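Take a look at the structure set out below.
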Amino acid sequence: MNSASSLLLQFLELVTALVAAPLLTGWVNQCRAWFGNRSAPPLLQFYRQLAKLFEKEVVLAGNASSLFRAAPYLIFACMALASMIVPTLSTDLPFGPAADAIALVGIFALARVFIALAGMDIGTAFGSLGARREMLIGFLAEPALLMVFFTASLISHSTSLSTIVETLAHREFVIYPSLAFAGVAFTMVALAENARIPVDNPTTHLELTMIHEAMILEYSGRHLALIEWAAALKLYAYSCLGLALFFPWGIPEGTGLASLWVALPSLAFKLLIGGFLLAAIETVSAKLRIFRAPEFLGTAFMLAVLGMLVHLLLEKAT
Amino acid sequence: MPSAPGFLCLDWILSLVCVWLAIGIAGLFAPRSFHYISRVLYPLGAAVGIALAVVAFAALPATAETMVLPLGLPDLPFHLRLDALSALFLLLLGGASAGISIYAAGYLRKGEGTAPGLQCLEYHLFLASMALVLLADDAYAFMVAWESMALTSFFLVTSDHRMPEIRRAGYIYLLIAHVGAIGILLCFGVLQGNGAEGVAGYTFAHMRGMDHNDFWASAAFGLALFGFGAKAGLLPLHVWLPEAHPAAPSPVSALLSGVMLKTAIYGFLRVCLDLLHHPLWWWGVLVLTLGLATTLFGVVFAAVQSDMKRLLAYSSIENIGLLFVGIGLTLTFQAFGMTALTVLALTSVLYHCLNHAAFKSLLFLVTGSVLHATHERSLGKLGGLIHRMPWVAWLALLGVIASAGLPPLNGFVSEWLLLQAFLFTPDLPHGYINMLIPVAAAAVALAAALAGYVMVKFFGVIFLGRPREEKLSQAHDAGILERVGLCWLASLCVALGLFPVFVIEKLDHVTTSLTGAGLGSAMRANGWLLLAPIDADRASYEPIVFLLCIAAIVVAAFLLVRRFWHGRVRVSGAWDCGFPMQTVRMQDTAEGFSQPLRQVFEPFYRLTRELPGSFDKKPMYRVIVQDHFWYWLYLPVARVAELGTRMVAFLQQGRISIYLLYSFVTLVVLLFLIRG
Amino acid sequence: MEFLLGLPLLGGIVLAIFGHRNFAAEINSAFSLLTLIAAAALTVKIVADGPQLLFEEQFFVDPLNVFLVALTAFVGFTTSLFSRPYMRIEQAHGRLSAGRLRLYHSMYQLFTFTMLLALTTNNMGILWVAMEAATLTTVLLVSLYRTAASLEAAWKYFILCGVGIAQALFGTILLYFAAEKILGHEGVALLWTHLNEVKGQLEPRVLSLAFVFLLVGYGTKVGLVPLHNWLPDAHAEGPTPVSAVLSGLLLNVALYAVVRCKVLADGALHSNLASLLMMGFGLLSVVVASFFLSRQKDIKRLFGYSSIEHMGIITFAFGMGGPVASFAGLLHMTVHSLTKSAIFFAVGHAAQKCGSQLIENIRGLIKLSPTVGWGLMLGTLAILGMPPFGVFASEFLILTTAMKEQPWATPILLISLGVAFAAIFGKVQPMVFGEPAAKRLPHKPAMLPVFMHLALVLMLGLWIPPYLAEWYRQAAKLIG
Amino acid sequence: MSHLPLYAQIINLLAAALLLLSFAMLAQRRILSLINLFMAQGIVLCASTAVVAAATEQHHLYWSALITLVLKVFLLPWILHRLIRRLNVKWDIETLINIPATMMIGLMLVIFSFNLALPISELAGTITRSTLGIAMAAVMLAFLMMITRSKAVPQVIGFLAMENGLFFAATSATYGMPMVVELGIALDVLVGMIILGVFFFQIREQFDSLDIRHLEKLKED
């Protein structure tokens, strides 16, 4: 725990995440609307939604257990922590060492387990269906993500995100073919994990298609708000992660608040591009049947492992 | 021999073991008096367990102590030795058994299976023999303790011997255990080497001194792998495990899975790292691959079980696989003389031993409570128990998180260490292994993720949702003694999860004694909070900070929501997309929940589906998942043996002339042979 | 010494007269007890002041045979204790008449006498005579029930063992033929002690021939495959006490004879022919017997085959030779005869309780009578080489030594031990556990001998008294 | 041969006779004549023992000759005769292997045992060295006979014939065993014979025949 400034930076990261996550989601939705040339919802739509949900009272199913009520807070906390750890504004974060890449995967897994349990808690057909599918996606996405991290950390001989970013961003520029594989794999995982087409469709309540929605059907009011916010945070965290791994330039090394003047704009810019691309992918691809999803993620898994092999094969010298 | 004056740790431990024996025998005096046994003897045993743990903990840093008992063979009395490794596993035994015994005290019911007194005897003999296995310092003492362990546990497993399938389970268990034991015995026969002077060559001290050429060393290694693998449930010798664990009473299953499997790990470590000094690199690779196969097999099968104890048994197989993966890495690293990594891998193995002992015993005890509350073992008939038995449910949740390998509990730490060990392999001077390792790492990651799936199924189907049967509504929570036992194990899970640095510092004594180096020195530099095996900016993990962050955010979020908005709640029926009629039958059963996995991993299983016809009056859907190994390995072996018996039967045709002919021919042939 | 041989002989005669009275069983036990005391006295004497020759060298007692004498007397005594209630019940069930009982008692004593004679004599010829006499007495015992099956068994037993023993006689003649050139054809040429002194000069050719004949001859009585065919029948069809002494004692005595001959052969041949032959026979017996086990339907037959298996193990051990292996062999002899006789006691009671000795008719003994059930279970586990019983100790030594000296043999042993375990345990477990098949019969079993034996075996597994160990060591030294 | 002393020649002659008798028994079908052949063997045995005794002033051999005479010439044949009269089994039609084949095997056995015994008898200290081979041959032939016969009585006779061979080896090859041994042997043979006699009746009343092919119940199915 070095200086007050880095603590401040850490706090800033959290705040940025909390603020920017809904914006990002909003931006993605806007882009999707443009692609499907519909009239886009305003950028701040997500904030309004949250506010409304917080206002509403919670309608709780009769046999909901306390786990059901605790889950939203936990999930929200996990996602917030995740977006705190990912280096966006600076690389030396006091809480950085608390969790390295592997632990980060752990955080996501923790959140997933809790949301799945919450989905099963009420005991409706949809809830358990969603939980089942979510775990199915998870058990394939998780190792793939881990493999992506492994590739990166093989390059930088470290699993701590800050070090990875420093290695990639601030050493002399080297082209890593393995990272290309890893990047593709990561994108696929990110799509799956954030309940995006082609794996899931956040905007429908069709029994056949829903995964994430099916689990949170029973949530309402502030609980639902927290979960939605957590989902947005997750998207944000993943995006930042991708940026940090594959486009780390512009994340300053030093502490010093001065560096923020570089960091914030570059982050915003990269997020805009990222969101746009995400929307583009979603538009051009079609929703998969649920049992195609394993194949999709299996491909991602394979690509990630290939990435590692490629690294061991080609880049051993580096 | 340490010349420390007075009462050594070894003496303490020995006397504690004797107390266990005494308790067991005391059980025989009043075999039917229920209160005497459940309220006096078992708690006493638990106290002994704690004492054992304390002494072993004190013995960890001490130098090795040895002792010779006036028992055993004439030239080969029982040698005992207490070094760091055995101290660690004794600590494990004591800690786990304390919780299990106190739970058993509450768990015991009248009129189940064998007389409680007899069961008490077997139980404590089992504990004592495990302790002796860990202390033994010569082949004979080890084998005696080892087989007594198998025997007592067999009687415990079959304590409800009226059911044929339980007898069958016990039979398979004892058979495989015995064959494995013969393997171990032959392994010692090899280790003792040729220079041995008579019986005195069977002491471990002598074996340590021996130096074998590659062939004999590999033979010993192979036999050890066979023998200890059979006990640990390594593929393809795992079949007894999913049979025996469900058959046993829950505390016994907890002991079997939590502690006894670890004795196999202990033996394997003892032989490979202590008695055999120079592992060959391919040993490591072999163990690694077997471990991976076991891990994947175990978890994939665990996912489709619909009997909660079988599910846990398969998950034990998975964890054993992980342990062997770690051992494989250790051996490989040691073969290439990379000490730092050897230590890392070994630490992860030892750590995971402790973790698995804690959370798996906890989960098995939980199934015990559920069993008593509902008399139901099939997941498909449970559900919604979190309302009826909150204590068990919340403690079970801890165990589930731990065993799913999620932060911040203990399962995650060892998994994290293992993955770290994988990450540093590229420095290996061997190309193929380098290529193999990523795949292995991927498989481990996959297994870990699947474990999450399994655990969600376990917890969700048992405790969440709505009760699938009417009778569940009068389920009752665990009694006070049971709660104490569960809490003890759960707190172990939490402690192991939150203070890894402290634990690893203790593990150092073991790693130093086995490989001559430790992690702790490097880590103590970074302070108590930070777990950084190599150095802080290579990899680090701070469970406490992690937990505090999450807690802080949760609290903050809660308070803020309350502060700015409100906490109003209206209770009503479930919405469920406005779906009109909802029955409890519409929830996922165990089979339903694992259906995606059955599709993904179809080739792994031997599936037999019974689908309803179109016009069934009462349609019935059943799917039976079986193990290929029965049909690929065991039944063929049985068939071969059967063939052999049929062949020898020709010798005994009952005709006396033929018999005379036999002896005549024998005589002539022998005469012919010696003519030369 | 005189008492040792005189008492059972006297007992035989006495019981031939009073054997049908209902106090005959007590007389029987009393004589056995006296014999045991005499044996103990002799043992003490030998342990105190070394080997000795008696009656102008006709008798020779050294550690090797004195421990067998003690064992024989002990098991003989416990068996007589067991047979007292057992035979009463048999009589009550009308399977035996008083006359038969008389025959049984007197033959039992005579049988003990012949065995003790065979053990203590110094004269190879007398040894042969005693073995033959033992055969004759046991033939009568096996055919005691006079059922078709028992007659057939006795007939086979008689013919096969008679022929085998005849081979042994030819071997003895050859031995004499070789020895008389050195020792002259006075009586001494057949005295083992003298032969042992001059064994170096005996003509190897003749000795090898002689050893083959002796091995085939006495091996038939040991029950080595492929000369074993009489054994399961005789064990299954005789009365249970007889089965107990047959596999507990007679086999040991026959093996003792083989070992004595092996000592001479080794001395004369300067080659490991004898060892090879014995190891070969031993392994063959172990393998074949263990594969036979899983086909058995009759419980006594099952354990008969298990006796063959164990005799094979012991023969293998003696074949390997060396201090450790011979030590283990002797130890295994002891524990095997103790355990196996204990098992037969338990089996006898079980069969009486369920009124059948077919395995599928015996179920849930632990409910019918816990002592019998546990006795059978523990005995079985002991005989299967489960520690902490003594059988494990000897098997441990034998296997590890084999791993060291004859590694090629260990896979065979591993497989056969596994098969044997699977077979026997798979058959005994449902007999002991599970739901009882028959209703319990009134009479209470005499389990004292069973648990006495098992306790001894247990002790030998955990702690061998030093003098006993010393004694084994001397004997092992004699065998070499 | 010529320079051999007379009694040696006699003994060889008797040995040859013994072998011949064994062959005859092997070939013989009728039980009665089997018994007679057995008696003849006894006579030969007794004679040879006496000759050996006379040749080498070993007086205990006279005793054994006497025992042989009593036991094998009078007692056992008498018992056997009584038995078969009581059990009226006269015929023993079928053998398991037909006679000529048996003879061929027997011939091979004789050759085998001869060149087995040849090197040994070289170093025998006795004058009648060559008889050892014949004794062994006789034993083998008796063994073969026991194998081939399917009725109880001939089997027993084969058993006794084997005993004869052994006895012959004992006396003529090695000038007889010590007296006590021979007494023991004789006693055993006698007792065994009596027990067998008892057996015959019981087997008879159990299976109402002495065909030992009824005795094949106990086996592994």
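Note that the chains take the letters A, B, C and D in the order they are written out, and that residue 1 is the start of every chain.
Quick note on the criterion: a contact is a pair of C-beta atoms (placed from the backbone, for glycine too) under 8 Å apart; a residue touches a chain by one contact, two chains touch by 3 or more.
Predicted model, so just to flag it, every value in this text is computed and none were measured.
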{"item": "Shared chain contacts [subunit C and subunit D, defined touch]", "value": "B"}
{"item": "Chain-chain pair with the highest tally of contacting C-beta pairs", "value": "A-B"}
{"item": "Most widely separated chain from subunit D, with each centre as the mean of CA atoms", "value": "A"}
{"item": "Rounded Å distance between subunit B and subunit D, as computed from the means of their C-alpha atoms", "value": "70"}
{"item": "Gap in Å, rounded to a whole number, between the CA centres of subunit D and subunit A", "value": "101"}
{"item": "Intercentroid distance (Cα basis), subunit C paired with subunit B, Å", "value": "44"}
{"item": "Centroid distance [mean C-alpha coordinates] between subunit C and subunit A, Å", "value": "78"}
{"item": "Contacts with 2+ other chains: residues of subunit C", "value": "155-156, 159, 163, 209, 232, 292, 295"}
{"item": "Junction residues of subunit A - those touching two or more other chains", "value": "none"}
{"item": "Where subunit B touches two or more other chains, by residue", "value": "648-649, 651-652, 656, 660, 667, 671"}
{"item": "Pairs of chains in contact (touch as defined earlier), listed by label", "value": "A-B, B-C, B-D, C-D"}
{"item": "Subunit D - residues contacting subunit B, complex", "value": "96, 112, 116, 143-144, 146-150, 155, 212-213, 215-221"}
{"item": "Contact set on subunit C toward subunit B in their complex", "value": "155-156, 159-160, 163-164, 167, 208-209, 212-213, 215-216, 220, 225-227, 229-230, 232, 273, 277, 288, 291-292, 294-295, 323-324, 366, 381, 384, 386-388, 392-393, 396-397, 399-404, 410, 414, 417-419, 421-422, 425-426, 429-430, 433-435, 461-464, 466, 469, 472-473"}
{"item": "Touching residues (chain side subunit B, partner subunit D) in the complex", "value": "648-649, 651-657, 660-661, 664, 667-668, 671-672, 675"}
{"item": "Of subunit B, residues touching subunit A in the complex", "value": "383-384, 386-387, 397, 401, 404-407, 412, 416, 419-420, 422-423, 426, 434-435, 438-439, 441-442, 445-446, 448-450, 452-453, 455-457, 459-461, 464-466, 530, 532, 536-542, 545-546, 549-551, 553-554, 557-558, 561, 564-566, 568-577, 579, 582, 584, 586-588, 592-593, 595-597, 599-600"}
{"item": "Residue ranges of subunit B touching subunit C (in the complex, touch as defined)", "value": "70-74, 139-140, 143-144, 147-148, 151, 158, 161-162, 164, 167, 170-171, 174-175, 178-179, 182-183, 185-186, 188-190, 192-194, 196, 198-199, 202, 641-642, 644-645, 647-649, 651-652, 656, 659-660, 662-663, 666-667, 670-671, 674"}
